[in-house]
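Look for chain A in each of the two complexes below; its partner is chain B in the first and chain C in the second.
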Partner chain A sequence: MRIACVALMLAAALPAFAQETTVRIRSARPFGYFVGDLIHARIDVSAPADAVLSRASLPNPGPLTGSLDLRDVKLSDSSESGARLWRLDLTYQNFYVALDARDIEIPGFELSISTATGAQTVAVPAWRIGVSPLREIAPQKQEQASDYLRPDGSSAFVDEATPLNLAFGAGAAALLALALVARDRAWPPFQQRKARVFSALARQISTRRAADDANLAVAIQSVHRALDQANGAILLSGDLPEFLRRRPEFKPLRADFERFFETSKRLFFGGESSKDDSAAEQLAQFVGRLARQERAG
Partner chain B sequence: MMAFGTRITILRNKARALWREAKSSILVALFLALILTTAALLTEWRGAVVANDAIEAMREGRDVAVDANDRPETILARVAFLTARSEVDRARALVETLDRSGSIETRARGHYLLANALLRKAFDHVERSQLEAANPFVNLAKREYRRALQLAPDYWDAKFNLDVAARLVRDFPDFERKSGDELSADPKKLWTDIPGKPKGLP
Partner chain C sequence: MNETLHVVQKLSDWRARALEFEQEIQKAVIGQARVVRLVTICIFARGHVLIEGDVGVGKTTLLRAVSRALGGDFARVEGTVDMMPSDILYHTYLGEDGRPRVDPSELLRHAETLPVFFFNEINRARPQVHSLLLRLMAERSVSAFNRVHHFPYLNVFADRNMVEREETFELPAAARDRFLMEILMAAPDDEDARRRLVFDPAFHDTETLLERVSAGTLDYRETPAIARAIQTHVRSSDALERYVLNLWQALVEPSSAGVSLPDVDLDSLVKGGASPRGLAALVRAARVRAWLEGRDYLVPEDVRDVFIEVMAHRIFVDPIHALRGDDIVKRLCRAAFDATPVP
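Showing the complex of A and B:
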């Protein structure tokens, strides 16, 4: 609500409390209201610090006169340098049909407050706003009486496009979900999907390394098991050429394979320590490459 | 005390395990939910198409039966159909139905259409010089315009037509109560712009 600080009037209430209780009415503009326009008014009431405002004395929304409605009443209260400040935001609606620009009266009302010295009544005085006409006093002569009216206008249609587009979107998402379910359960056409032995292994090894309980011997053993699984039978270094012929996607890794078998042999039969960081790193890289070739293959 | 990174890793692994366990059921549930959403949206779209067919028919002047469960837009189209044919009473019943179900704009428009129909009836009476009979229709129209404006304060067509109606029959009692001098100034002007003033009078 844009209440410009146009003070409409500054009314000191009853003389007895002139120093203590003041009422100030402000409105966004005090002129230029057409029929049906909303009139926003802000009424600031300041009172002694110990005063209590009776909520029941606030004006009630509803028709005030034949041509004025009170639509909304909002109260906020605050304390300011030893004084109570009540701020009433009132919204009126003007139904006065003006023939010329003129002032109409917004009726005043009374608020009850109670202080230490007893109950008091604060009068919010009536104030005036200027209303304006919408039409000439004597409009141009029309053929028919109903030509003086604004037309009925045509009926609006219901929005069809939004639900249809949303339905398409949801349908596409459902198909995607169905595809995911099919893939998850290896339904056709996903039944051919091969187990990703090395991907699983790479994940497992990196997890173990991060958890810092890497044991080279255990890791090498698990790589052996994975290789066996990929081969379909136990894979020894002698079977390597045969294996690479059957799984050509692993051919580029021949050197890595040979180094792996070498390390394995040294560890299990050469009596080397199983705490070897560079060997563990090499192993992790080897498995990572295996996984990559497996995905590519 | 465990390193922070390690704990994060363990947590991540737990989450991964949980996801692997629940993945299948989550995917199935997602699929079913999306299927249901699609079905609901298609039903909604179907309803909109049916409603638009009815609105189109009424725009072209064919009457379509409407009941209270129909969409507010359809009811409003029927109000427009009835008010265009001066069937004020049947339109009023539908406007009351709209008041229970429609959006603010729809309701405001319903009251506006009804008020227009009432005011046109009043004009008919004025043109036949039945000023007494016109009076209640003007007052009813003013009430409906006011209702429309209470719902939608920026409804300019309603403001304009309320102005027309209010100049036909002024609200005198209010003036008398508030300020006497305004009353004496007005009546002369008041009747000068009755649109349906019988021709030939000064």
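Showing the complex of A and C:
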């Protein structure tokens, strides 16, 4: 609300409350209103701290005079240095069709306040504003009635292609990212994705490094089971070429596969114990490589 | 210790000769490396062989080449519906003086020097003949002319005619179980081998073809001792023994071992076979294979490589499936392998 302090200030000095109760009326300007204009007024009423304002005494929105309506009433309540301050924001609308510049009166009203000493009436006095007539502009004589009209403003041309392309691009990128995430997490429709048996195995093997033969045997057996699962049937070393043909992503690991099968054969069937401490390390590396190829494939 | 070293050395020498033997056979029989390998395994496992194959794929040539390379004799009989056991043992004819004569047959004459006896179309012969053959195979001996004749080096090779059903007598289960392997011999897949077989005149004349095979690459008289040495020398680990027993279980009770075949009720499929003798034969053949591969221990590949040949003909399935041939048994064997984890 643009109320400056160009206000007309009225102090109502009431006999009994000369020091305590004051009324200030402020408006944006006291002149220059035309028919239909809104007139904003702020009325500050300060009273003793124990005073209570009777809300029923506030003016009601509606027609006040033949040419003036009260449109809106807002009340805010605060305390200021031991005194009570009510701030009334009133919105009037002027319907007076003035033929010349003159003052019109905004009618006053009364507010009821009750204090410790009893009920009192605070009068908000009438105040005046200046209204002005709407003057006709005498334009140059035109031949056509439509010539008096100003042309429509030209509409600004907005190029839609770039934002549209950007939107499609971003949408496609978002969908692609969603698809990648879905594939990684095996969400539908990727639930049929081959299970990553070697990734699971690599985690399992890395947590329990095989130290002795028994553990190494268990680890090798678990690798065999994972290979069986990847193959869909029991995988023996003789099936390796066929397996690598079906799962070409493992082709680069052919030498590792052969070494693994050789170690397994010697340990399980040849009755040799692995004197070599690096066997467990090699196994873990082999599984790690399998997991990597599986992820790549 | 010295003796062990001696055996190891001897086995190693014999392995080289066995591989040479295979090479010699393949000079006459081309494109059949696997069949030759299986026959070699049978010779060193001292097992009899059923050969299944079309006419004209070279079964007789193969067996004659084998007998030539072994340095022994070769005897052959043709199974016919009116054949009697005596026809195998006796040669009856009219002598110059017009009197009937009974002499030992080819089989009896060569008894001591016969490594290869080929019985062609065995299922054309009657069950009486089968029973004689059973004794010959199981005991390597027959009774004739009031005495027992021994065949210390004998390997019986028999061919089954699987095309006709008229006037044939299916081999009884007991007879089939006596055969170590049933080997399928088909025309070679290799185009080059096929072309040579058809267009190279060398392959049209069996007699000259067989001359390519050096006689006596192996000495058949030594095979029994070598066979025994192989069986004692090639070790089987606990893991492998467990594997073979699991395989057996998968054949006998497929559903309990997690074996399944589409469209087949496995609970009622297997009616018999998969006998302890069958499994023992499997391990015997697998040991020979391991030896031929240059190992002194068994691995699952050895077992799998010979499994279908050793086991399939011993397994008897419900008659409703038997009508469709032995394909179902082979499928069952493969499914058992696919379901039995190793090691």
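Just so it is clear, the second predicted complex is superposed on the first by the 151 of 297 C-alpha atoms of A that agree within 3 Å, B and C clash if a C-alpha of one lies under 4 Å from a C-alpha of the other, contacts with A are read in each partner's own complex, and residues count from 1 in each chain.
The definition used in the following text is that a residue touches a chain if its C-beta (ideal position, glycine included) is under 8 Å from a C-beta of that chain, and two chains touch if they have at least 3 such contacts.
Quick caveat: nothing in here was measured; it's all calculated off a predicted structure.
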item	value
Which of chain B and chain C A:116 touches, first, second, both or neither	neither
Contacts of A:56 with chain B and chain C, given as first, second, both or neither	neither
Partner contacting more residues of chain A (chain B vs chain C)	B
Contacts of A:255 with chain B and chain C, given as first, second, both or neither	neither
Contacts of A:145 with chain B and chain C, given as first, second, both or neither	first
Chain B versus chain C as contact partner of A:105, first or second or both or neither	first
Partner chain(s) touched by A:184 [first = chain B, second = chain C, both, neither]	first
Of chain C, residues touching chain A in the complex	235-237, 239-240, 295, 297-301, 304-305, 337-343
Chain B residues touching chain A - in the complex, by the definition given at the top	5-6, 9-10, 13, 23-24, 27-28, 30-31, 34-35, 37-38, 41-42, 44-45, 48-49, 51-52, 55-56, 58-59, 71, 73-74, 76-77, 80, 83-84, 109, 113, 116, 119-120, 123, 126-127, 146, 149-150, 153-164, 166-167, 171, 173-174, 177-179, 182, 186, 189-190, 192-193, 195-196
In the complex with chain C, residue positions of chain A that touch it	220-221, 224-225, 228, 233-234, 236-238, 264-265, 268-271
Partner chain B, residues of chain A touching it in the complex	34-38, 65-67, 69, 71, 93, 95, 97, 99, 102, 105, 133-135, 137-139, 142, 145-146, 148-160, 163-164, 166-167, 170-171, 173-174, 177-178, 180-181, 184-185, 207, 210-212
